[in-house]
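What follows are several structures.
Both complexes below contain subunit A, partnered by subunit B and then by subunit C.
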Partner chain A sequence: MRRGRIWPVLFLFPVGAVFVYLLVGRYPLSPGEVFGALFRPEDVAPTVLRLVWSVRLPRALVAALVGANLALAGAAFQGVFRNPLVDSRILGVSAGAAFGAALAILMGVPWAYVDGISFLFGLVAVGMVIFIARRFGGTVIVLVITGVLVGSLFSALIGVTKYLADPLDVLPAITYWLLGSIPEIPGWAPVGKLSVVAALAGGALILSRWRLNVLSLEGREAAALGLDVARWRTGVILAGTLLVASAVSQAGMIGWIGLLIPHAARALLGPDHARVLPAAAAMGAGFLLVIDILARSLMESVIPLGILTGIVGVPAFLLLFMKHLARGGGWG
Partner chain B sequence: MRLSARGLTYAYVPEKPVLRGVSVEIRPGEVLFLLGPNGSGKTTLLECLGGLRRPHEGRVLLGDVDLYRLPPRERARAIGYVPQVHRPVFGYSVLEVVLMGRTPHLGAFSAPGRGDEEIAREALEAVGLSGFAGRPYTQLSGGEMRLALIARALAQEARFLLLDEPDAHLDPKHQHEVLSLARALVGRGLAALITSHNPTNALLYGDRAALLHGGRVVVNGPPGEALSPELLRDAYGLEFVLLSGDNGHRALVPAQGIPANASADRERGTGSASSRASSESLPAA
Partner chain C sequence: MRALIATVVVVLLCSLGALPQGKLVITDQAGRSVEIETPVERVVSLYGVATMYLYALGVQDRLVLGTYVGLRPETPPWEALSAVDPDLPEKYSRAKPSLEEILAREPDLVLASATIDRETADGLSAFGVPVLLLHAEDVQGIKEATEILGKVFGTEERVARLIAYLGESVERIRGLMAEKGLEAPRVLFVGTRPLRVASGDMYQTELIRLAGGIPVAEELRGYWQNVDIEQVLLWDPEVIFIAPYGKVFPEDLFADPVWRAVRAVREGKVYKMPRVFAPWDVPTPESFLGLLWMAAKLHPELGIDVVAEAQAFYRDFYGYELSEAILSVIAG
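For the complex of A and B:
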């Protein structure tokens, strides 16, 4: 496969998507205006400048980073659990983080603290999973089952918060948040938080690319190749957890990215994590940017992302995979 | 240097230990065949020797160092494990699979480089799979997969090879390819432990054979002397017969597979009876 030629495309995809992202919205901008705002700010009207730099660019970057973090975590989880059906929601991270946010909204915590509480609960959920799974041998299957159980527990607790929430104002806020959305005016703080996690956890995963390949073998084989399997597995799970918790705490529950993007990356580039991880990050970023552009331009109001990733993402990827299978490719 | 098990005891269920004080030794320049009925603990012993399953009692020594005190990386540079074949989830290329053997020689956060790739390609050449480097491992045949896994152990630069039933599910020619490769490698100074269900393969390719039965090694010596039809009968609960051919070829096969009128052949010892019996009537793994 001509893999060399695909990398520029992969990395131009999110960059191009950011540019388009800056054009669209309730107040459409021309490419010239956006270009000017980015590179020659002295030539552009202050309102345009403010719209680009204070509203759309941070929002675009939040979308890109959320997509990248979810896709990276999904790829790492699929590798370490040796299961291509695993996604970023495994181990209850998403449910825990979502419960944290729902609880914070229910208690009327100021918005500035909601993401922090959500992030913490995501870590708490996975901490519970690892703690419980350790007592039962800590194998992959025990981890997955415990993850499903803890995830269900937090989903039930989310139900409790919804039940208790005031149906006039608090409940819609929780529901909307749960469906996933990039905040209208996020400012630069979330960009910073997401970038730090992406750089640290995503960077650690990319550095561990070769160990991830070995971890994706059967446990005894990985051990026979000199890996301390339990330690590496825990490390990868921690990195993945940080990525998912950061994404969910900023943008709510956005499904499909963590499942489908790593598959798409593998279909394009083969299973080596040295290629899958960066490709998944780029594709996840570009994909969520496109989805958010659609969410903001298809209807008068903004469509929740969790809904769109399903409605747009599933058929799109079905098509991609049918093509891939028709060419005789496996899951790669 | 030798890899030795000293008084190993291992129990999956406390009251029913599968290994009861087992001692064996793997020496450079030797192929040791490990035979024994299903559930007799062959794989358990192999995993204990590979540092993959800590025995409940006894010690595994690499030279004179306790294997379970060695860091995993150092252990993996000495001992190569060739597991029973299974399809991995992700379709790595054959070269990538073999490159994974370089893992114990790499830093925690590094990936194999050009030098590692050269070593992997040499390993592929040594097992006769040079032309397969770019193919998906998942698309190989059973025999090719085993050869690729042996190549991985070679890329690992392991001195001790532990092969778990490398002859299972293979046609006679591929069995020969895999086992004679093990022989050739041992000729270059490596050591190999091979678990098998085929006593004839032990005769053909083994320097020594050990028979596990009832949690103990009941015999351990040159295959021709150690493996008697009587011992095999006691272990497997099935009559065995030793067939001899004109040119010194011998086969150990279940007697039930041989029709009554073949007994004359057996006494005269024709080669055709032995080859037919060994490929047709041995129980699959």
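For the complex of A and C:
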């Protein structure tokens, strides 16, 4: 497929997936009922109306936005850290956000506030990483190591919350949340929160795509091109952090999207961030929609998303990696 | 005149035979006031313990979807339950069903757990499906839950009989023990691993007390707790019961030289609880029989004929004839 023609396909993928999402579910809704609910709401039964407008549509949009945010952040992080194994969990933001949620559930905070606390702890984790890394020179390698350490610290703290949790009610809630899932009845608030972050942080990243290209060069080369490397790097990290924290705070830990999708985007479109970022956003949205459709239709209960993305993600990643090696490629 | 009398008789007969018709307002065990349209014909149960009460009340044909207590297809308990409910495969849900799956079964009523299903209850209420939150985790909770179910299904008489069975068993054990001047032995209840024991907050501990034993682990709080073998030696239980599920058997303890230092193991008083439909140690109706079985093991002097009791119990409440195989397990 030529590159010019790939864009319409890339953007029709998530849009089409949203429509499929609306049509698929355990409750038998005919396409006529779904489209009726969308376009002629006065003619359909209240249950159908509520299923489409309060359950499936907001859930589809949450899935799309979470996928887009994770993939965008992954693409930006891979560029900034010049490392193909980096994903959205680097710098401990996921672990921090997950700990925030686990802590909130443990303390019995009402569900409406769990996402806010989770988001906050994601920012705290990355704040810690940046603060500590600065004192040791703030190079890429120092950032990555500090990120791993802070991430491990928060993982251990998640362990503490699980250990302290009541195994009858609180522990299953924490465990299920950690495995990742789109809430059954999300309502429109999460859609709003995710959209705002996606628009601000995602928009900022896409606007600074050229600088990301320069940042993904060696630091000295980037500096030679007249870029304040440290400042821009921090800026990109902050934008990525907001994206990941928003996604994790709404849907828990969903692995593989932040790693796999940027690679897929690069495999399709080459290394230029001007192409990779929007493509990753579209593909991430479509991918998570497809995964969530599977999660909700395969069995009578909902399969946690983290499990499915792993099962789909690992073989997909292997395939991409093998293809890349077969072409004689390195990473760069 | 004769016509009038005939009409009156017909009306009386109808009202006697008919299901309760109209609206019922019930306060559930979470203290919520729930309005239910009767007769209730289609029930979804998300609470495995409550599911088992539907069978004991003889209304399993109104269950359209349910979770069960540790039940897996093609196992002996599955075969046994299939005999009293041929539709088991259609209504069996391995894990908690999704919101859409529940709605797709078009329930008149959903039974759920007061500890873990509050959110689901709110979600279903938005669709106009009444949800009763139940909490049958101890004797008091069982009494309240069955009373509610009796009202809902119009089976008050059966509920009274079931609860009387439990009350009479408790009185019988207490009376016989006092009469014969028996001492209560120290008892440990072991779960899915030898050193995973039932805590003081659990139903198993309440059963031990009612059966005339002293639960050694009653100081422990919460759910199953992992303990040290040294703690077990310190408790030095005179009798050990093992949960019906899991892979721990008396032979494992008899074969272990360290466990042989424990009095119960030395004296051969380690027993695995039976299971017919649901395990006898969880707060389902069958646990009433579990209580008698425990008392018979703790105090052979009481002369309780568990086999005869079990045959009568299953015949009476389930219309089920126990097989020779299970009878020999119960006889131990």
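What we mean here is this: the second predicted complex is superposed on the first by the 313 of 332 C-alpha atoms of A that agree within 3 Å, B and C clash if a C-alpha of one lies under 4 Å from a C-alpha of the other, contacts with A are read in each partner's own complex, and residues count from 1 in each chain.
Following the convention adopted for this analysis, a residue touches a chain if its C-beta (ideal position, glycine included) is under 8 Å from a C-beta of that chain, and two chains touch if they have at least 3 such contacts.
Just so we're clear, the structure is a prediction, and the values are computed from it rather than from any experiment.
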Using the overlay on subunit A, decide if subunit B and subunit C clash or can fit next to each other.
fit
Let me test your reading of the model: by the given contact rule, A:Arg82 touches which partner, first (subunit B), second (subunit C), both or neither?
first
Pick one for A:Pro172: touches subunit B only (first), subunit C only (second), both, or neither.
second
Taking the superposition as given, does A:Pro8 touch the first partner, subunit B, the second, subunit C, both, or neither?
neither
Looking at the overlay, does A:Val302 come into contact with subunit B only (first), subunit C only (second), both, or neither?
second
Tell me which touches more residues of subunit A here: subunit C or subunit B.
B
Taking the superposition as given, does A:Pro110 touch the first partner, subunit B, the second, subunit C, both, or neither?
neither
Report for A:Arg50: first if it touches subunit B alone, second if subunit C alone, otherwise both or neither.
second
Determine how wide the angle is at the CA centre of subunit A between the CA centres of subunit C and subunit B, giving a multiple of 10 degrees.
150
Just to confirm the value: shortest Cα separation between subunit B and subunit C in the superposed three-chain model, in whole Å.
43
Within their complex, state which residues of subunit A touch subunit B.
79, 82-84, 207-211, 213-214, 216-218, 220-221, 223-228, 266, 270-272, 274, 330-332
Listed in rising order, subunit B residues that touch subunit A in their complex are 47, 50-52, 72-77, 79-81, 83, 86, 88-93, 96, 100-101, 103-104, 106, 108-112, 136, 138, 156
As the complex stands, subunit C meets subunit A at residues 65, 93-101, 103-104, 115-116, 119-120, 123, 126-128, 222-224
Taking the complex as given, what residues does subunit A use to touch subunit C?
25-28, 46-47, 50-51, 54-55, 111, 166-169, 172-173, 184-185, 296, 299-302
